[in-house]
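Next come two complexes built around subunit A: one with subunit B, the other with subunit C.
Let's look at the complex of A and B:
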């Protein structure tokens, strides 16, 4: 039972991290109708900025805040310089251009930081396991990811549902042309949304950095999961991204944790241990396929236009 | 007139000579030069280049040309690159190969074309057993051997139970099977993770912790090894459950693993401080030529691969069409290996020592690997019997 609690926490932590990445992606895709494959590069840049700034300032918190600001600025600059010219173009053009950006960022990182990758060491107070319920110890850092991501999710909810900017964002997701016609500065709104998305991706990257290493191409595998999440959750829907991210995180982690033992009941031990990781990584895509068949618009679609 | 005739004749003869007996020795080198594990490929290339420098960039009196190809850590890409090197570049030798799954995909192309393939790292069990070939040599090991040595060491330490974690691909399965074959205690759990995409090991670490195993064994080469050790420490397992490793801590991962690697033992057939003259020269010149970098076992094996090829080319005085003679020469392992002298088994896999290595602070205050003891002497892999070639 205690194992289940701990594994659920692992799943929750992974899901929340995916949510941060998917939230930015779904905003950009849903509101701006823009496919941004370079979202994973912003995740990578967040991690590289954090590793660099933490080393410079010798302070974990300060370094992370600086990195967050840097990623936000980078996102805004990227939108201003490159992506702005691609709105209204075919999705294929956007995919090609942002794929080019992935290559650009990977090589820029190779030039600046070298091919070997960086490490982002944690301060001592985050490396100790904490006892959450009697008998269950959980890494303090993973716990802090859960707390921060939940706080960000709550903040996003308040901003999107309770403020004027949020109202515009929601309106933009429902009907882009109409809010333009109503005299809203849609260019500024887009820049803002893109910057917000970049900062969220950067936050995901820098929080993941101490667990994984900071390396070139770190955003590419996880970006696929983020796309799966926005498809499951419904494009443009923050609530959908949140629910789907938790789903996907749970399925992935619990699948890895319990599928091998379940399979061992029916298969030989060797066959089960080979099949289980393959199967558990398929589960997410299976879920996506089912959602696409049953509810093609996603589980929690943004309001209809 | 007569002179012109002879000149024309000579020119035609020169043109008609087969490509294999050309004026240069052509070597193809397949490794990973892009993506997160490109650092390993770079180290292999650096070491191979250093070996060529030491050989005067000539073998058997002929200049050497090396064509490096990137497999991107993907079996299908590795196979294509192997085909390209053999069929259109017509290389005399093909070397490299970090990954067992890439090597297994590329093997048939090399063997069918009777091109000598020198594996400078990958050692899948199939290669040592039923798929062994007269045209394939290894300057590394068979995958199981290193973890077998770790298992033996764990027996010496009196470890009673172990939890095994490794990646779900050819080498991962060999590695865990290797520990199981020598470890005398109980194996309480065995987990495979998706390779190479899965980098978060929280679910596996939770299981290991709850299994109450006395120790944990892992195999995670490249950046994954850094991630695993980080997460092991963050989960509070370091210092609680002793960790044993194979190919998880090396000179490339150590600068990133830092303190997390201290006190984590591993086994290896080569360590940078092995006290033989060739090794000293290799390590010193490497650090001189590539400042700020240190050679790894991947590099040492690539350095040996160049020297093994050289021994064959010298024996036939540069005539690489004499394949049988080259094979016979390479079987003698008649070159100065940086790991010290070794012999080849019937399956062309080295019979060699395995050492216990530990992480210490060296004279420069940097973390480095150090030989502590010899775990096994003249170890032969356990698949040699399955190889139809006889000595």
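Let's look at the complex of A and C:
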């Protein structure tokens, strides 16, 4: 029972991280109609920046704030230099160009930080276990990820649904030409949205960094998961991304935790321990296949453009 | 009638001739490296050509073609591991497995369009990648060494570099010829018609998705053949070879050469892999140059090499 609570929290935490990544991806896609494979690279850069700045400043909080700002700037620069020329192009062109950017970022990181991974040590006050209900302890850091990610999700909701910027973003998603014609600086809006998406990706990367090692290619696997999430949730839909991210995070984590034991009931121990990791990795893709068969537009499709 | 002699056709003919005569050059100069390099290039050219069939002519942007390379390769590797060395068994199994995978994946993926299609083919290929990683009997993540290349009862010796090269080249030319026949057949016309205007084709009475699916399966099977060749070439097969970046590279080769042109992917593969080879000799960080180069090509050189040659031909 305790394990189940703990693993569910882990699943929630992973799902929320995935949401941060998928939200940026789906925002950029919904508004600019732009497929950004390099989103995973921004996630990776967030983690590398955090590891570097925390080591420089000797302060965890200051370091991650700097890293967040750096990722935001990097995203804006990227949009300004290269990506804005790709809006309105074929999705294939966008995929290829941003694939080129992944190659670039991976080698740039290898050149700057070397091929070995970095680690981002946690400050002492984040390593203590917290008692969430009597008798159940949970690492403070993972708990803080949940809190931060939920806060960001709420903030994103308020910004998109309740502010003028959010109104422009939603208007841009439903009719780009029209809001341009109304005198809104659409280029600036796009740059802003892209920067926001980059910062969200960076935040996900730097929060994940203390749990896993910071390494080259760390953004690639998780990017594919983010794609799966926005396909399941419906491309362009933030609400769909949120639901699907939690769902995928739960399935992935719980599958990894409990599938080996479940399989052991029906298979021999050796067969189960080899089949389980592969099967739990596949679960999510199976889920996506089912969703696509039943509802090709995703579970929570954004309004038709 | 339009003159058949123009820059584009001359280049294509010269490249084809060059590929045919390459072993001669290698033998005369004793440069074995170039033969092994081009064996690899020819195999990837076959994979790129198969991808071009659905991307260029069918309008289906598959981001999961590396899966077929893996499936074809694993079919050869697993059978060899289990003591079945005959290519007469290995290769048909490789083709059938690829075709079956393409049939299932295609039937599911073709329910979607556009960017959804790109992503779902990508996700299924990742699924295949994880399955391969889970094959602990066959090396799991570390991959599987193939100790003996496929045998064809003394008909052809795959361990002989020149014979193997010509086998690969034969497969490539055969594949390109097949694609040429397909795109000029009634079936191919329908597939291209569906790419241009699906609704109209439906209205005329064609079952668009069936045509698409058959085209998808043909492409996957052809790429599975490339996978069987590749496994024999490297004597090794591992999940890393079917990672999604490999699918991306295949797309790049097609677009480099010119999507929707018959010989374009072959040129694109030659240029891409030679560039990779040259850049990696020049610097360890070759992707630092290749990445932005790719961005520039997408931005400024539409139609790839074939598009460029076409513009030259028109003067």
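Convention: the second predicted complex is superposed on the first by the 305 of 305 C-alpha atoms of A that agree within 3 Å, B and C clash if a C-alpha of one lies under 4 Å from a C-alpha of the other, contacts with A are read in each partner's own complex, and residues count from 1 in each chain.
In the analysis below, a contact is a pair of C-beta atoms (placed from the backbone, for glycine too) under 8 Å apart; a residue touches a chain by one contact, two chains touch by 3 or more.
This is a predicted model, so every value here is computed, not measured.
Colleague: Based on the superposed arrangement around subunit A, label subunit B with subunit C as either clash or fit.
Modeller: clash
Colleague: Looking at the overlay, does A:281 come into contact with subunit B only (first), subunit C only (second), both, or neither?
Modeller: Both: A:281 reaches subunit B and subunit C.
Colleague: Looking at A:86, would you say it contacts subunit B, subunit C, both, or neither? Reply first, second, both or neither.
Modeller: second
Colleague: Answer with first, second, both or neither: which of subunit B and subunit C does A:253 touch in the superposed model?
Modeller: In the superposition, A:253 touches subunit B alone.
Colleague: Report for A:96: first if it touches subunit B alone, second if subunit C alone, otherwise both or neither.
Modeller: second
Colleague: Looking at the overlay, does A:215 come into contact with subunit B only (first), subunit C only (second), both, or neither?
Modeller: first
Colleague: If you stack the two complexes on chain A, which partner ends up touching A:14: first (subunit B), second (subunit C), both, or neither?
Modeller: In the superposition, A:14 contacts subunit B only.
Colleague: Now for A:139: first (subunit B), second (subunit C), both, or neither, which partner does it touch?
Modeller: So A:139 only meets subunit B here.
Colleague: Counting clashing C-alpha atoms after the superposition, which of 58-66, 76-84 or 310-318 on subunit B is the one that bumps into subunit C?
Modeller: Between subunit B and subunit C, the clashing stretch is 76-84.
Colleague: If I apply the document's touch criterion, which positions on subunit A are contacted by subunit B in one structure and by subunit C in the other?
Modeller: 274, 277-278, 281
Colleague: Please output the residues of subunit C touching subunit A within their complex, sorted ascending.
Modeller: Touch list, subunit C to subunit A: 55, 61, 63, 108-109, 111-112, 114-116, 118-120, 122-124, 126-127, 130-131, 133-137, 140, 244-245, 248, 251-252, 255, 259, 285-288, 290-295, 298-299.
Colleague: Show which residues of subunit B lie in contact with subunit A when the two form their complex.
Modeller: Spelled out, the residues of subunit B in touch with subunit A are 35-36, 38-39, 42, 168, 173, 190-194, 197-200, 202-204, 206-207, 210, 223, 226-227, 230-231, 233-236, 252, 255-258.
Colleague: Write out the stretch or stretches of subunit A touching subunit B in their complex.
Modeller: 2-3, 6-7, 10, 13-14, 115-119, 121-122, 127-129, 137, 139, 141-142, 210-213, 215-218, 221, 253-254, 256-257, 260, 269, 273-274, 276-278, 280-281
Colleague: Can you check the complex and tell me which residues of subunit A touch subunit C?
Modeller: 29, 35, 37, 82, 85-86, 89, 91-93, 95-97, 99-108, 110-111, 220, 224, 227-228, 230-231, 235, 274-275, 277-279, 281-282, 285-286, 288-289, 292-293, 296
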